[in-house]
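Okay, so chain A shows up in both of these, paired with chain B first and chain C after.
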Partner chain A sequence: MRVVFKTSYDKDIDLHPDWWDRGKIAALLVLMALLPFLVGEYYLAEATNTLIWALAGMGLMVLVGHSGQVSLGHAAFMAIGAYVDAGLMTAGVPWIIAFPLAGLAAGCFGALVAIPAVRMSGIYLAIATLALFVIVEEMIIILEPLTGGVGGMFAPSIMLFGIDFDRYASLSNFYWLVLVVVSLVTWAYANLLRSPTGRSFLAVRDSEVSARALGINVTRTKAVVFGLSCGVTGLAGALMGHFISFFNYELFSIFISINLLLVVTIGGLGFIQGAFFGAILITAVPQMIAILRDGLNATVGIDLGSVPGLDTLIFAVILVGFIIYEPTGLYGRWLKMRAYVQLFPLARRDMFRRQKTYLKTERMR
Partner chain B sequence: MSLLQVTDLAVHFGGVKAVDGVSFDVEEGEVFSIIGPNGAGKSTIFNLISRLYEPTRGSILFNGEELSNRPAHAVADLGIARTFQNIELFDHSTVLDNLLMGRHGHRATNWVQDLLFLPKVRTEERAHRQKVEEVMEFLELEAYRDKMIAGLPYGVRKVVEIGRALAMGPKLILLDEPASGLSVEESQDVAFWIEDMRRDMGLSVLMVEHDMRLVTQVSDRVLAVANGRSLALGSAAEVQNDPEVQAAYLGSDSFLAAEEGVA
Partner chain C sequence: MEIIQLLIGGVASGCIYGLVALGFVLIYKASEGVNFAQGDMMMLGAFVALGLVNSEYWALPFIPGILLACFIMGGVGYGIDRFVVRRIFGQPQFALVILTIALGFVLRFVAGAIWGFTPLVLETPFAGQSVRFGGLVLGYEDVITIVVTAVLTLALWAFFSRTKLGLAAQAASQNQMAAYIVGVPVRRINSMIWGLSGIVATVAGVLYAAKGAIDPNIGLLGIKAFAAAVIGGFGSLPGALLGGLLIGVVEPVAARYLPSGFSQMSPYVLMLIVLTTRPGGLFAQIHAKKV
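Presenting the complex of A and B:
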């Protein structure tokens, strides 16, 4: 087991306390950057898709995992990002300007929506955000001259400094672009969590009354979380638009919202890493089901292709399984396995037994 | 002028007159205790000062400023910190982070600077950390620095909550039953800390407590309340010997417990 000797407060403030940790992150980044040389077109496209999902997942994670609010409407914010980005680019705005504006638009809209929404919580907030989703979906159809309505819209290919980042013509470039965006957002997210702003999110999540007593403006904090969350999700939507190239409102269906919730809960609520684990799962499972299905068909002759809703069923089973057996998600499971190996052979079974938290009865009294 | 001036304070919940015309004031550097049987309205007085409840009538002046004009989150800015009777910590954060959250009122960076983690954020973090370490040293919490609240024993959590309030660097600290559920030794620690808060940190303390030994040991003045009204105000001995106070406790099972100091 490695022990970090802390010689100054900076060890706790730094993102990575020592060279070993920094090295691991650097190695991961290098590996990710080299991916276009290591895998074929098909898997590179899958990796790009996974990164975009991880980005959207980080957007929802800050809301659900770090501030304890829920949203069933995040597909709407992806849509806003995608349409603003594609719309501005169609009007001739270069990507480098259109993309941040897309995030800003989704973020401002989210913060605006938050003002009435922050008074709600739990199921009420879920329903309110669901209603918002329906409104945005209808708006997209109604605003046909801008959005192409039911017919759909084409996301122009990205040109930057004369280099082509088109998703089909030069997938590697597009992948790198996505990787840079995802890395920057991850870095900013990690910064947030080690700063007063991130701590105020956790405070609001765990006890609103004591947050108030500490001088935290709960309403404002929730609005900031909503804005950040929706902004990042909007960025992911914009990239998703480019990835799909030609899309209409159906790309951002309610299932996207639900899948995003799966990403954060299965991945591990409250961990940045959780968004990545969840995104890998959500993009890999349909592939694995397809491979299994084809395999079964080819070897045993059982054709599951005609079974409708198989993917959904498997997802649902996975979700229920996680909620019952591993509420800390894939990332939580990973932490436990790592601790087991590090402490080997000293790890004990009940080391990770869930702590009984003291019952909270009359709050404030 | 007193630091805290409470005049004819009242709050009614439907028919329940939880607090019904209580007046008292806390001088600078004073330890002021409120005692009374369960349900007397003691915690409700705290919640009124914290602006978690809207008073039905009355006024609360802090340093001459009316609190009723402020939202709950603006009370801390004035220098009022508090603990809760049923510990309200951030369970899924470490002791260190809980104490750092107490520094929120002193933050000098906004969320954009935080996202970019500009050098200023680091400088500020170091300063907050320094202050928090002082508090941890004072309360002997160093051993728990990186432990999650959710796994800590009850007694330690109580102390962490006091620590979080102290980290705010307040002028007045409100302690709601700081010794309830603590062992005799732990209560003794609390008594020493309260003495030090007053003497070394120049704090004023407003405390709700059942443990009469602790109350007698640290309080300058004691206010007894029952059914939302004040019964007696004076030194601990005077209040304890007041016939009305004794009558209020009679029939209430907290009387004996309060006498023995184990409630």
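Presenting the complex of A and C:
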């Protein structure tokens, strides 16, 4: 176990406690950057997909994990990002301008929605975002001249400084582009969390009344979180539009919203790493099911392909299992295992005991 | 005349939304949790009834078949709480939301695996019959839907305000710890309420199936019922019914008088309007939030 010797107060809010931690992140980045040389085309596409999901997961994580608001409608913001990006690029705007604008549009829309939405709490907010999702979905169909309606829309391939970033023609370039975006967002997110704004998110999550008593403008904080979250999700939506390249409103279904919730809960609520763990799981499980299905079909002769909806069942069962047995998610499990190894043999089960709360209603009747 | 016909059709479908919303409210009243699988429980209830009543399956007589279906679904509801939801007792509300969403997928898979994904029709003794009332032609199933909903709502209201079990359930939701101390078996009551909401869901499912074909995806109707419960103010039984009726009426009216696409949106627009103007719903029950 390493001991960090702090020589100044600034050390408390450092992103990494020491050079060892910083080195690990750098090594991971180098490995990710070298990935196109290490794996084949198929797995590179999967890695790109994972990174895009992680980006969207980070968008939802800041909302659910760090400010304690639940949204069931984040697919709507992904859709807004994708359509704004593809629409602007079809109109001839270069990607480097269209992409941030897509994020901005989703973020502004989110913040606008947040103004009435933040007055609601908990369940009500979740339902309001669900309603918003349905409205956005219908709007996409109604606004056919802009969005292509049911027919769908084509996301043009990205050209930057004469280099082609097309998803099919030059996948490695597209992968690097996504990697750069994800790394920048992760870096900004990690830094945000050690700023006063980020700390106020946590305060609002833990107790609104206490946060208000400490002088935090709760309404403003919630609107900022909502805007930020929607903006990042919009960026992920824009990238997903490029990744799928031809999409219509059905790409951003309610299942995307639920998958996103899956990413943040299974990954580990309240940790940036959780978004990545969750994204890896959500993209890896369908692959594993496919491999398992082929294996069973070839060896035992059981044809799982004939059972419809098996994928969603497996996702649902995984989700139920995590909520019951490991509510802190994959990252929480990792932290526990690491503590066990680092403190060996001093680790005790009760170190991570869950706090149970007894429920008191806000209703008066 | 046309508008009245439209309104009555709206009221009848609104009753079904209202019944599903009643299921939400029941569970919310008892455990302050929201069961996002309520729509799927309605779907499963309809399929269980179909499996018992239809001639190609068990071919039981209609009324005993429906009662048996209610009984089975009551057991399913009780079991879901007893073996799954009770495990996260004491966890934040958010956990229950995600858990029930996942449960909804499981229920949908179960129904799809047993009855398939092609739409099926429930055989009812009153199919196709209609009542003439003045100049109006009312479907028999619409009349039955309205009557059953009214009776069930009254019965549930009486249950919560008059019976010992209902009062205990309310106590359990208002302050779990205090309810424990005065001797309310909080967990068992939660399970019972889940069973009760399973029964209400079955009734809603049967009434829904009487009007048209069902497939495992009709559970998505739960989202609309959700809007109904929110409009009424979660936790209020008459509110849920009123919300359901409002949505049921607004939808066909919007479909008739507004361009296409707006009618699917209308329940949610209505809900957002209610939420922004009266965040607690029409029958608001939240007055102040404590730490």
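Keep in mind that, in the parts below, the second predicted complex is superposed on the first by the 352 of 365 C-alpha atoms of A that agree within 3 Å, B and C clash if a C-alpha of one lies under 4 Å from a C-alpha of the other, contacts with A are read in each partner's own complex, and residues count from 1 in each chain.
Note that in this section a contact is a pair of C-beta atoms (placed from the backbone, for glycine too) under 8 Å apart; a residue touches a chain by one contact, two chains touch by 3 or more.
In this text the structure is predicted, and so the values were computed from the model without any measurement.
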Touching partner for A:202 - first (chain B), second (chain C), both, neither: first
Contacts of A:285 with chain B and chain C, given as first, second, both or neither: neither
First (chain B), second (chain C), both or neither touched by A:101: neither
More chain A residues in contact - chain B or chain C: C
Partner chain in contact with A:191 - chain B first, chain C second, else both or neither: first
First, second, both or neither for A:124, with chain B first and chain C second: second
Contacts of A:159 with chain B and chain C, given as first, second, both or neither: neither
Partner chain(s) touched by A:138 [first = chain B, second = chain C, both, neither]: second
Which of chain B and chain C A:210 touches, first, second, both or neither: both
Partner chain(s) touched by A:112 [first = chain B, second = chain C, both, neither]: neither
Common interface positions of chain A, toward chain B and toward chain C: 207, 209-210, 357-358, 360-365
Touching residues (chain side chain A, partner chain C) in the complex: 64, 70, 116, 119-124, 126-128, 130-132, 134-135, 138-139, 141-142, 207-210, 254, 258, 261-262, 265, 307-310, 312-313, 315-317, 319-320, 323-324, 327, 354, 356-365
Contact footprint of chain A on chain C as seen in their complex: 31-32, 34, 84, 87-95, 97-99, 101-103, 105-106, 108-109, 112-113, 117, 173-177, 220, 223, 226-227, 230, 234-235, 259, 261-262, 264-265, 268-269, 271-272, 275-276, 279, 285-291
Contact footprint of chain B on chain A as seen in their complex: 9-10, 12-13, 188, 191-192, 194-200, 202-203, 205-207, 209-218, 224, 228, 270, 355, 357-358, 360-365
List of chain B residues in touch with chain A within their complex: 43-44, 47, 50-52, 71-77, 81-82, 84-93, 96-97, 100-105, 107, 109-111, 114-117, 121-122, 124-126, 128-130, 133, 148, 150-151, 154, 164, 168
